[in-house]
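You will see subunit A twice below: alongside subunit B first, and alongside subunit C after that.
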Partner chain A sequence: MSDWGMQKAALGERLTGGRQHATGKVVAIPNLLAFLKAVIRSGDRVCLEGDNQKQADILAVALANLDPRDVHDLHMVQSGVVLPAHLDIFEKGIARRLDFSYSGPQSARIARMLFGGKIELGAVHTYLELFARYFIDLTPNVALIAAVSADKDGNLYTGPNTEDTPTVVEATSYKNGFVVAQVTEIVDKVPRVDIPGDLVHFVVEANRPFYVEPLFTRDPAAITETQILTAMLAIKGIYAPYGVRRLNHGIGFNTAAIELLLPTYGEKLGLKGKVCTHFALNPHPTMIPAIEAGWVEQIHCFGSEVGMEDYVAARSDVFFTGPDGSLRSNRAFCQTAGLYACDMFIGSTLQIDLEGHSSTVMTSRIAGFGGAPNMGSDPRGRRHPSEPWLKAGAEADPDCNAALRRGRKLVVQIGETFGERNTPLFVERLDALDLAQELKLDLAPVMVYSDDVTHIVTEEGIANLLMCRSKDEREQAIRGVAGYTEIGRARDANLVEQLRQRGVIQRPEDLGIDPLDADRNLLAARSIKDLMLASGGLYRPPSRFRNW
Partner chain B sequence: MEKLSFRLSAPKRAGGTRTQAIVGVVASGNLEVLLERASPADTCTIDIATAANGFGAVWDAVVRDFVARRSAGGLRISINDGGARPDTVALRLAQGVRKIEEPER
Partner chain C sequence: MTAVTANDVSLSWYEASARQRIDALVDAGSFCEFIGPELREISPHLSIFDLPAQFDDGIVIGRGRLDGASVLVAAQEGRFMGGAFGEVHGAKLTGLLRAARTLKQDVVILFDSGGVRLQEANAGELAIAEIMRAVIEARRARVNVVGLIGGRAGCYGGGSLIAGTCSRLIISEQGRLSVSGPEVIETNKGIEEFDSRDRALVWRTMGGKHRYLIGGADAFVEDEALAFRQAAIAALGAKRGCNAAALEAEQKRLERRLQRFGEVEDAIEIWQTLGIDDPTDVPALPTGAFLRAANDRENADDAR
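What follows is the complex of A and B.
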C-alpha cells in the first residue's frame, strides 16, 4: 500500500530524461532523436497526433527513426493513420498494437500490414469513440502533438486547426502522461492560448508548418447533372418536408451540390430561414454562396480547411472564432454536437446492401471510419424534441403513444446508382464482409448500420425506409431506387409501384421535379474561381485548385 | 469497342419539326447522341458504339425505359459512348428528345 504515486514518479523520470536534451522546455531538432529515446519507454501507449488535417509530421518521422532495440512494443492510439511514417513505426518493429479511427491515404498499406501480422489491431473506431476511450482504457502515456506556435512556457496556439489537440492533452496530461508539441515557431507571446503551458512538457521548434491537407474542397466544376438532380431531390423531398434546420453534411460532390443549390433552387422553393440554418461542419468552400446569401446562422467546426482562414475570420457572426480572430475548431465537441444537436446527417457512401447497411470499404482497403458513423447514427440518449426528429419518429412508429415515442435522427445516404468506373452503389454483399473474414475481424467495418439509415436518395428517387413495415418492403424500397444496377433491375415492379403509391418511394415527377431541369446553371458557383469571387477575395484556394 | 442495335416500337411520336438534333460530347464518362427523324412514326431505332464492353443488358434496360417513357417514335438515334454511366445516358436521351422537339427559329 506504500506504492501510491508511481505514475507521478514515472513522469518525473521522463521529465528528468527529457531535460538532458532540452533548453528549458525547448528541444532543438538535432537533439530530437536522443530526446525521444530518453522519454519514451518500450510498451508505452503513445498518441501521435494525426488529425484530419493537422499532422505532427516531424515527431512522426523522428519516432520512426528510433532504434527498435531501444524502443519497441509501443501501442499507438491515434485518430488518423495518414502519413507513411505512421506505418513505418510498425514496419520497423517500434510499435506493435494499433487503435485508430481513419486511415484514408494509407488504407491499402494498413490492410497489407494487418494481414501480414506487422500490426496487431485493437479496433477501428469513430472519432468520438476513440476519444472516449482515451479517458477510460486507452489513456496515452505519451502524446506527440502539433501546434502553430508556442511560447517558452509551452503555451500553445493551434490556429484554426485545433481539432483533436485539447482532447489528447486533457487525457494525457491530467493522468500523469507526458506531452511533447511540435510547433512551427517559438514566439514571445502566442496569439491566443489554445493549450495551457502547464499541460505541455516540451516543445520542438520545427521551423516549418506542419503538414495539412485540403480534404474538404470540392471543385464545383466537377459536379455532374446527375449530382444536381440528387441534390434537388434531397432539398425538395427531405429538407423541405421535415424542415431540417440543424444538420451535418458529409464530404462529397452530392452534398457540395446541395450547398451550391441553396441560394438558387432552395431560394426558389422559399426555404431560406426554414432549412440549413445551423451546421456541425468543416468550413466547406462550397458553403460560401449560401453563407453570403444569408442562409446560415451558425457553424461549429471539427477542423478548418486550407484557404478558408481569412473568410472564416471575417465571418465571425457565423463561425466560432477566438480573440485573435481565427477559427476555433474542436473535433470532440463538434462530433458531440453532430451526434446530439443535429437532426440530420447526409452523406455519400460506396456500397449499400439490400438491408441498407452501407460501407466505404472496398476490397483490400481498410480506410477506417472517421466521424461518419457517429454523425450517421441515431443517438439513443437524446431527449430534446424538434420538428424533424418528431416527424421521423412518427413515421417509424405511427401507432405509439406520441408522448412515449422516441424521435428519429434523419440519416440520409445520397449517391448516384453507379459510381466511378461504372461501379454499382448497390450490392448483394458488402466487400466489408470479405475484408472482415480475411483479417479475422469480429466486426465487418460498416459505416452506417441498416437500422440507423432513414432515407436513400439516388437519381431515380427517394426511398423512405422509416415507412417500410417489413424486411421485404425495405429490400424492395432499396431496389426501387437502385436504377439500372443488377440490384435495381431485379426489383419486383408491382411491389415497387405499391411502395410508390404509399409515398415510401418518391420519383422526381412525384416531387414535381423534371430531371431535364438539373442543369449546371443552377449552381450558385460553377468553379473554384466563382467561390473565390463570392467570398469577395477572402477565400484563398490552394494552388492545386487554381486553374485560371 | 462494342456495337449494339435496337429497333423498338414506340408508343409516342416525337413532336416538333426539326430534322435532327445533337446533344452531349464524346468524352470519358460522357456520350454524344445524334437524333434524326428517319424512322417510321411508331418506331425508334438506336445504334450504339460504346467504349465499354459487356454492358448489353444495362443498355437494353435503359433504351427500353426511354422509349416507353419519352416520345421517341420516328427517331433514328446514334450514340457514340465514352463509357457513360446509365443515369447520364438516360439524361442525354431525354435532352435529345427535348432538343429535336424545340420550335425552329
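What follows is the complex of A and C.
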C-alpha cells in the first residue's frame, strides 16, 4: 500500500501553511486569523481547550471570527462549551458537529441551538469519558490550547491550571495532530516544562492571561442553618460510621458547610485523622480551615482555583506542586483518582426521582455533566479493599460470601427538601426526561443513576439506599426524607417508620443531633475574609467575593 | 499550624439578629421591649401583596441600661424585608424618639436597612421624614442619638438619611452606608459607572473603612458586639445639642470635601490624598493598623 504516511504528510502541509504567518514557532496576534485559516481544514476534528475552569479564550474568539466560506463543517470535541464564542462557531456555520462534556453558563443557548438544528450533537460525556474517546474515536486533528508561558521552542508552562492540557496534547500531537497554544507571554526559560516543546507546533503570544472561572469558591456568608444541619447529619451519620478517609466533594453549599464544620463539629466528634484525610478535590477556599487545623494529609486537584495559588504553593505538604512551587493539576489523573481511589463522592443535585436517579437538568437546559457522574459512580473495575468500601458492600448484600462480594463506593446526594426559590428537590419525573424527548436524545441526561447512589441526606435525615431490599422500600426511604414536598407527603407512614426502626432512615434525633444546634457559629469561617485570615493572608479572593 | 475553633467566644454584629444585638449591647438582662411581638402590631400593607408579616414589623424598640445609664434602643431586623421602613416600623421609631425628647433619655439606633419598603412607600417615606425631625428635635433637647451600622443589610436609602441626622455614627468594616445602593446606581447609570457585583468596589465606596475615612462615620470598630457596646458608651458622652452654627460648619466641610475629591474616580485616590502611605492596602488592614493609618481622616466634628 503506497499511501502510508498520509497523516504525517497532512501535518507537514499544516506546518508549512502555519510558518508563513509565524516567526519561528511564535504567531503574533495580528496574524492569528490568517494563521488559523492556513492550518485548519474544513471537516477537521478540533479540540478547543476549555472546561469548567480554564479557557483558551483568545483562540476561541479567533476561531469564531473565521469566514465559514474558508473553514466549515468542523467537528468540535471539547470538554467545555462555556464561552459565547464556543457557540458562535456553530451559529456562523464554522462547525457543525459537537461532542462535549460540560456547558454551564451556555446551557440554555446550547439547548436552543440543538433544537434549531444548528448543532449536530454527538454525545454529552463525562470528562474522563471524553478524554478516553480522544484516544479511540475522537482524536483531534487540531488542538487549540492555553498555557501561562512558552519559550521560543514551544515548551509550555501551564501554571496551577494545567487541567486538561497534557491529555489533549498527548492525544493530538502523538497522532499526527497539530497543536497551537495561546500563552500570556513568551519567556527565555519557562518556570517548569508542563508540555514539552516538540509536541507544540506554534504559540500565540496573547499578552494577557487566559480566562479562569472561580467556580469552586463558595462564600461562607451564604451558608444557611439548614445546610449546616445537613452537613452535621452527613458527618455524624456517614463520614463517622464508615470512616471515610478518601473522598471527593462536589461543588455546592452543603459540601462547603461540611468542609467548614470539620475543624469544629468534626473535632468535637473526635474524627480528626479518622475521616477526610485524602481528597480528589480542587483547592476549595472553604478547605482552608480544615487544612490549617491539620485534618488533611493530601489533596490532588483537577484544576486550580482563582486566588488560591499562593496558599497552595505554601502548603506543598498537602498539594501536588512542581519544582517552580506552584500547583500541578491534572483533570484526567484526578478524575481517575476520584473514580478508583476514593471511597466516597458527596454532592448536591437539583432533582431526585422516586427511584433515586438524580439530575441537574431543569427546564430547557443542557448543562452537561463535567466530572460528577464519574465521581458519583461505583467503579466496577475496582479490586482493592478498604473499610468503607467493604462495609458498604456488606450492607448492600449481607448474605453473599464476603470474599466474593464487591465493595461499594459511597455515593451521597445531599440537599434541602426545598432548594432555591422553594423548588422541591424530589420529583415524580425528572425534567431530564422531557428534555430528552424534546431533543430526541437516546439517553436522558442523568447525573447519578439510581443504582450508583447509596445515601440521600436532607434536613429530614439520611436514607441509606444500600439497605433497601425492594423497589418499594427504596421509594419509601426516599419519600421518608423528602419532608413536605409532594413526594414526602405521599409517604406510607407505617413503612417509613419500619425503615426507621431498621436504621434505613435516620432522623437527626436518631443520630443525637439537635436541629437547634445547627448554628452559623459552628462554621470555622463565616465569611470570605475569615478564609483569607485563616490562610494567613495567602488566599487572595477575587474582587467579586471580597466584602472589605 | 493555626488551630481553628468555633467562633462562639464573641458575637459577630454582622451575623447577629436584631434581638441578639440588643442583648449583647445593653447591660445583661436590662432590656425591656415596648410594643413587643405579643401585641402583633403588623404592617397593614403587606397582606395586600400576599407577603408575610412579622409581629414586630422588623424593628425592636425598648429601654435598657448601657453602663448603668438608662437608654432607649431601637434595632432593625435586616433579615425581614431587608430591614426596610414601613408604616408600623417607622411609627415605632418615631414614637421612641419623641419619648426620648420628653423623657430626656439618650437613644441608640441599630441600623440594618435597605431603605423604604416599596410595598408601603408613601407611609415609609413619611416615616423617614418624621423620624429625621424627631431626631433633630431630640438633639435640640440635648438628647444624644447614636447610630450603629454593621448589619447585613447595611444602611441605605432613608436609613442613611436618618443616620445623617444622628449625634454620632459607629461603623464596622462590614457596615455599608450610602443613599443609593450598588444595584440602584448600576441600574440608573450603567455598569461603567458602578459594577454592583464587584464587591471589593462596593466596600471601598460604601463600606465602613471608607465612610470613617471621609467623615461619614465617627468611630470605627471591629465586627463584635462588645466593640459596638464600648463605642456606644463612649459616643453617648459626646457633646450635646445641635445648632445652626454646627450645621453651617459641616456644610462648609462638605463643600470643601466635594472640591477636594469631587473629580476622583476611585476611593483609593481619596485615601492617597488623605496621606495614607499604601492606600491599596487599606481594605486588608486589621482594625488597629487601620485606625493608626486613618489619623488624618476627614471629620464631621460636632455636626454629628
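Following the convention adopted for this analysis, the second predicted complex is superposed on the first by the 548 of 548 C-alpha atoms of A that agree within 3 Å, B and C clash if a C-alpha of one lies under 4 Å from a C-alpha of the other, contacts with A are read in each partner's own complex, and residues count from 1 in each chain.
Methods note: contacts are C-beta pairs under 8 Å (C-beta built on N, C-alpha and C of every residue); 3 or more make two chains touch, one makes a residue touch a chain.
Please read all numbers here as calculations on a predicted model, not as lab measurements.
By the touch criterion defined above, A:Thr264 lies against subunit C but remains apart from subunit B after alignment on the C-alpha atoms of chain A. Of the two partner chains placed by superposition, A:Ala337 touches none, neither subunit B nor subunit C.
A count of residues in subunit A touched by subunit B and by subunit C gives the higher number to C.
When the two complexes are overlaid on their common chain A, residue A:Thr226 makes contact with subunit B while staying clear of subunit C. Contacts of A:Met287 after superposition: neither subunit B nor subunit C is touched. Touch criterion met: A:Pro515 reaches subunit B, while subunit C stays clear of it.
Within the superposed three-chain model, A:Ala256 lies out of touch with both subunit B and subunit C [touch as defined at top].
In the superposition on chain A, A:Ile238 contacts neither subunit B nor subunit C. In the overlay built on the shared chain, the residue A:Ile352 is in contact with neither subunit B nor subunit C.
Subunit A has no residue lying at the interface with subunit B in one structure and with subunit C in the other. Interface of subunit A with subunit C (complex): residues 263-264, 289-290, 292-294, 520-527, 530, 534, 536-537, 543-548. In the complex of the two chains, the subunit C residues touching subunit A come out as 1-8, 12, 14-15, 173-174, 197-203, 207, 209, 283-284. Residue ranges on subunit B touching subunit A, taken from their complex, read 52, 55, 57-58, 61-62, 83, 85-88, 90-91, 94-95, 98.
By the touch criterion stated above, subunit A contacts subunit B in their complex at residues 224-226, 229, 416-418, 422, 459-460, 483-484, 489, 515-516, 518.
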